[in-house]
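Right after this note come the structures.
Both complexes shown next keep subunit A, but they swap its partner, so subunit B is in the first and subunit C is in the second.
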Partner chain A sequence: MSAVALALADLVDDRTASPDGYVRLAVGADTWMALAEGCAAGHHDLGALWADDGRMCLALSAPSPGIRAIVSLETEGGRYPSVAARHLPALRLERAARDLYGLQPIGLPDTRPWLDHGRWPGRQSEARYEFLPVEGEGLHQIPVGPVHAGIIEPGHFRFTANGETVVRLEQRLGYVHKGVESLMAGAEIGQAARIIGRISGDSTVAYAWAFARAVEAALQWAPPPRALLLRGIMAELERLAHHINDVGAICNDASVLTIYARCTLQREDVLAVANACFGHRLMMDCVVPGGVAADLTPEGVGRIRGLMQRLEDTRAEVLRVYDSMPSLQDRTVTTGFVSCELARQYAAGGFVGRASGRAFDARKDFAYAPYDRVDFDLKVRQAGDVDARLMVRLDEIAESLRILSQLLGRLTPGAIRSDRPVTATVTGEGAALIEAFRGDVFVSVRFEADGRLARVHARDASWFQWPLLEAAIEGNIVADFPLCNKSFNCSYSGHDL
Partner chain B sequence: MTGDLLVQFLAQGAQMTFVLLIAPLAVGVVRRVKARLMRRQGPPLLQGYFDLAKLLRKESVIAESASWLFRSAPYLIFALTWVAAALVPSFASGLMFNWAADVVALVALLGAARALLALAGMDVGTSFGGIGSSREMMIATLAEPAMMLIVLTLAIAAGTTRLAGVADFFLAEPFAVRVSLALSLVALVIVALAENARIPVDNPVTHLELTMVHEAMVLEYSGRHLALIEAASHLKLVLYISLLICLFAPFGMAPASAGVTGWLIGLAAWTAKLLFGAALLGLWEVSIAKMRVFRLPDFVGIAFVFGFLAILLAFLTRGVFA
Partner chain C sequence: MRSFLLDALRKGKATIAPPSPGADALEEVARALGERARQKLGRSLAIREVDAGSCNGCELEIHAVNNPVYDVERFGLKFVASPRHADVLLVTGPVTWNMREALLRTYNAVPEPKWVVALGDCATNCGVFAGSPAIVGPLADILPVDLHVPGCPPAPLEIVKALLALMETQA
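This part shows the complex of A and B:
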């Protein structure tokens, strides 16, 4: 079956979008394949792909006309035509959906399991996993992980190297699969909000916010204006803490201990301020459907303003030291190159995409409150190397500080949480895209008639960044992998679910 | 005469003991300086001793695929390095076995220890051990010839390859500033950094297996075996700092004719210089990034080129100074 590429803009045409900004369409197999072909042709980006009650759902977006759609396809006996057959970035999503929900993609280019390692109780599956064959003279394999030397999450990396040069890297993930999605199926809203905030601890605000927005869209639940501003403040604090930490960690992998020490202290400062302001260092469970759970006192505002000055100083100092250290730049410049073409194909979000020329930021392209009324710049670089990913982070720290100061200036007294509307007509479905520090987080929810959650799907930015890491390390030397990996800083937990 | 011989014997024994005892302290100073520069409190200065004591008490876990080589290598490496470190004149130049302290012998002892370590790294058959051994040998092929050139330059200047003789020569002519010596100094510092697995060649504190050189080779060691290897690497650091002191800053060292008082002064001077050297190393390590593995040949190659230039200049100017 060969389909002609179909652009999302032509399909959506003038249909009205749901309150969450997504146009919802049920399509047939032909349109499904044409849309997959359209992804490959670059007409629109693949946002997410998940199984929901025997249907396959596909979130697509085209930022330039600003349209988003969730397209669903009824499977026939649990079988559906594979998107990955036309558009490879869907490959791991389809393998994961098959492992978790048993829906079979027809024509899937790689039929090995993904999240299922053959060790789930009460389930028969093959524990043997064949890594892709590599042939050639003088090649040797280096298995790394899943248990690593540092205190990081588990994941297996299989390097095939020729001497010191990496010929291929193959990742094996899924070691931290926790069954998050099935835990949330049938859950009450409050319980699901707590679970989703724990998918990836470093993006807990972003996940909680995405979930809250999706639920609010489905229930037509409007949070008070102060709550929206506070959500923005929390999200920017989270971004600042992890960006500055990443900058330090990248430098540490090049053994530059001074920058590492400075950045670690600065991150601690941010977390301590977050704790003082909102009662939790990572601000876990602070964003809830209907608003926020913790208010910001005037002293808290003062604390954040003081922190902003210290962050500004640290940023300037780190930038000065980084610029004056050729031995460090020698490690980062040209290392771990990701081409603009690949970043576009995989619709890579966050610093990975923005360091490779993909000018996408959910806060800008699909602006949500409070970012729709905030003035900030989208900083993009073209080089696609470790240096570019580090510099994008430093750029974003400056922009986040600008955003914070505007949000703090707009704070007016008021309620921070609204009650769930009782008479609202429930559309039953909602979705949201929130910019976490790592990239865009997508969350989709569907309600049962009794008000419980039937299905919650969360897609971390890492799904489209991990495959690019495999590409980035190719042709580099083995010893540069930690540096490349740290510059991506993908989430294991957010990916393995 | 017999009493004199006994004193000489004791002095030589004291030197061997001193280098062994002070080695963990020197490493402690490096770590402490680095920690302070990173605004951390850092481990106690004596942490090196505690670590060795802990490791010696612990069980040694050995891989099933390990051969006799893996088991015996730590003892041999430790012995070879200790002998080498004890040969370098520290507080006095005219000790009993100073005739044995030949620089060529020194290079040979260290080379043997390195070969054993590289073999042990590959013995268990893990990929990290192999990577470490291969990188170590790549660095060694560049560092060892550079070391030989430096040694020969000094030998030409002093007219002997005996370290004690070279030290005596520089003690006698403290102000003989020569281009060839300056070049040798730079070259020896680079070789010392490379041989001791310090930044920018290797990072001694990293946990990233893929970037390791020295640490990758010893990943499989534990317990007393690891203690011996750690002690050997501490000794190696002392050896190279001592060597730099002995050749380029020997002031305070007791000459061959000195008695016990001279030795005590020499000991104090040597200890102070050693710890100062360790502090300098800490300062250096926080001020530079680690190099890409493929840039190492350039870096260590500089040592070779400098060594070569030094020996060339030493030859050309021999007639003038000799």
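This part shows the complex of A and C:
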């Protein structure tokens, strides 16, 4: 069943893209398989895979020529050729789509359920889950979760260790599956926007923005220029809050509480400023289709400028202290290594990819307003360890501050929200890719003729980062798992949907 | 490292003055606890947090109550790793079918006397996730809830006030 690899660039050729930047194509099974082989061959990146009304859809992108496409395949009686059979990063996506929508990928290398834990009412699925067999002398298993020791989200980690050394980690996720896609199918825009802002609360601005852009593209709805700048400001505040917090949290996992305390104070500072400026500490429901729901006053601008100075001071000081502590770096350097090849194969977004040489950032590679007119650098490292991920985040704090400064400088008075166009066709589709703090968030929407949403799909960056954590921990000691895990900080809720 | 200490000395304490316990929370807790309120735990509560389906927004704010600004440990409120060390189960999220068993097992592992706090709109009424077939229902459908803390997510100060009310009432 092997097919010849087809590059997205050759397929798309000179077809014009929709206003959202995506070329939309219906393909046959042969082309579908050839595109999957193309992913494996590195011709293009797998961005998302989802089921929509009996069809399977693939979002693919090739950043160097700047091509993005959504290809769809009509299934035959709910069956289609598995992408994962040719390109493993699609594996969990296909297992999830099968659990939720019943579409069967033929040739799927791992047929175990993924989000379906055998608990949903009205389903005849098995509650028992077989972990992969592990054989060898002196091996023992450590089951962890779903309820973990700290204040974190639930998930199960099955470690197989030889003494202190982890030889395999197998994750089992899906515990916080809330059925968000089924709730959004048939919903009004406003209701769906509130749900999408709660797919992963830590990236609420990024999700709300991705949804807003997708809806605006589908309905030819143009938000006012001031709203675009305010969205950028909110998104950078969200990024800054998490970057500074997680740098501290990684140090906390290596028992350096002073850095952690300093970083949590700085995070609190960001959230307090966000609350003062936009009326919500996490800025939930602040980005809405058509614009933003909260305006920034001149006092608010002053608050953010003050915050930027404090953040820069904290960043510089944390970096200086981090650099001066060999015992801390002893825990982070060479720990939790992800190879550049693996990051490329999985098209890992965010700092996980950028710490392993993958120079991708949706704000740069598929630049959207206001980032298309902002000067900032893409920070990439090659080492792929906990230290590299931490350093990329410290680098990005400086870049976010540069971005904020430019966005604040460009603010001019004006409307912050436009009304939904009445003449727009209501059968549109739209998609958007937004850079959240942890990586690119993809959202695709399709409207019914009555103006309701027929289908909303959201793909968190975590889908392509969680599997790399399994690789990162291999050969490390069990005690370093918290460090590795924190350096990824994947979303459970964003993944479990 | 010294710079952090010098900085702290120069700027003074970041921790805010203790808030008074939330009035609504006091009332609800007093009603819920009744006679149990006489039981002695001293002025200290050990809290085990369980995410039963949250979007992680509530977790962010629970983390915040442990930062130096709110510093809940000064009140004797301590987050613990094991449910066997806990007095209070602090639950977030609409309870998903996939988390139901883990939640019940965690609850059963908490020794008596114990209290259950539903934190956030989702734990209270499923929030925006109400109606999903993947959700069992609000926490009160599954466990006896002693206190609800509304908000999406509740601000850290509101969480502190509610937890103080719980402690005031049973102390």
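To be clear about the criterion, the second predicted complex is superposed on the first by the 494 of 497 C-alpha atoms of A that agree within 3 Å, B and C clash if a C-alpha of one lies under 4 Å from a C-alpha of the other, contacts with A are read in each partner's own complex, and residues count from 1 in each chain.
Assume contacts are C-beta pairs under 8 Å (C-beta built on N, C-alpha and C of every residue); 3 or more make two chains touch, one makes a residue touch a chain.
In this text the structure is predicted, and so the values were computed from the model without any measurement.
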Clash or fit, subunit B versus subunit C on superposed subunit A: fit
First, second, both or neither for A:P121, with subunit B first and subunit C second: second
First (subunit B), second (subunit C), both or neither touched by A:D330: first
Partner chain(s) touched by A:T258 [first = subunit B, second = subunit C, both, neither]: both
Partner chain in contact with A:G150 - subunit B first, subunit C second, else both or neither: both
Per-residue touch tally on subunit A - higher for subunit B or for subunit C: C
Which superposed partner A:Y80 touches (first subunit B, second subunit C, both, neither): neither
Partner chain(s) touched by A:F481 [first = subunit B, second = subunit C, both, neither]: first
Once both complexes are placed on the shared chain, angle at subunit A toward subunit B and subunit C, C-alpha, multiple of 10 degrees: 50
Contacts of A:H140 with subunit B and subunit C, given as first, second, both or neither: first
Which of subunit B and subunit C A:E164 touches, first, second, both or neither: first
Which superposed partner A:Y22 touches (first subunit B, second subunit C, both, neither): neither
Shortest CA-CA distance between subunit B and subunit C [superposed frame, angstrom]: 5
Overlap of the subunit B and subunit C footprints on subunit A, listed as residue numbers: 149-150, 258, 261, 265, 325
Of all residues in subunit A, those that touch subunit B in their complex: 140-144, 149-150, 163-164, 251, 253-258, 260-261, 265, 325, 327-328, 330-331, 477-482
Complex contacts: residues of subunit C adjacent to subunit A: 1, 3-5, 7, 14, 49-64, 66-69, 79, 81-83, 93-94, 96-102, 106, 127-129, 131-135, 152-153, 155
Interfacial residue positions of subunit B with respect to subunit A in the complex: 34, 37-40, 127-128, 130-131, 134, 199-200, 203, 206-211, 285-295
Complex contacts: residues of subunit A adjacent to subunit C: 115, 117, 119-122, 146-147, 149-154, 174-180, 182-183, 191, 194-195, 198-202, 204, 245, 258-259, 261-262, 264-265, 267-268, 271, 275, 281-282, 284, 317, 320-321, 324-325, 491-493, 496
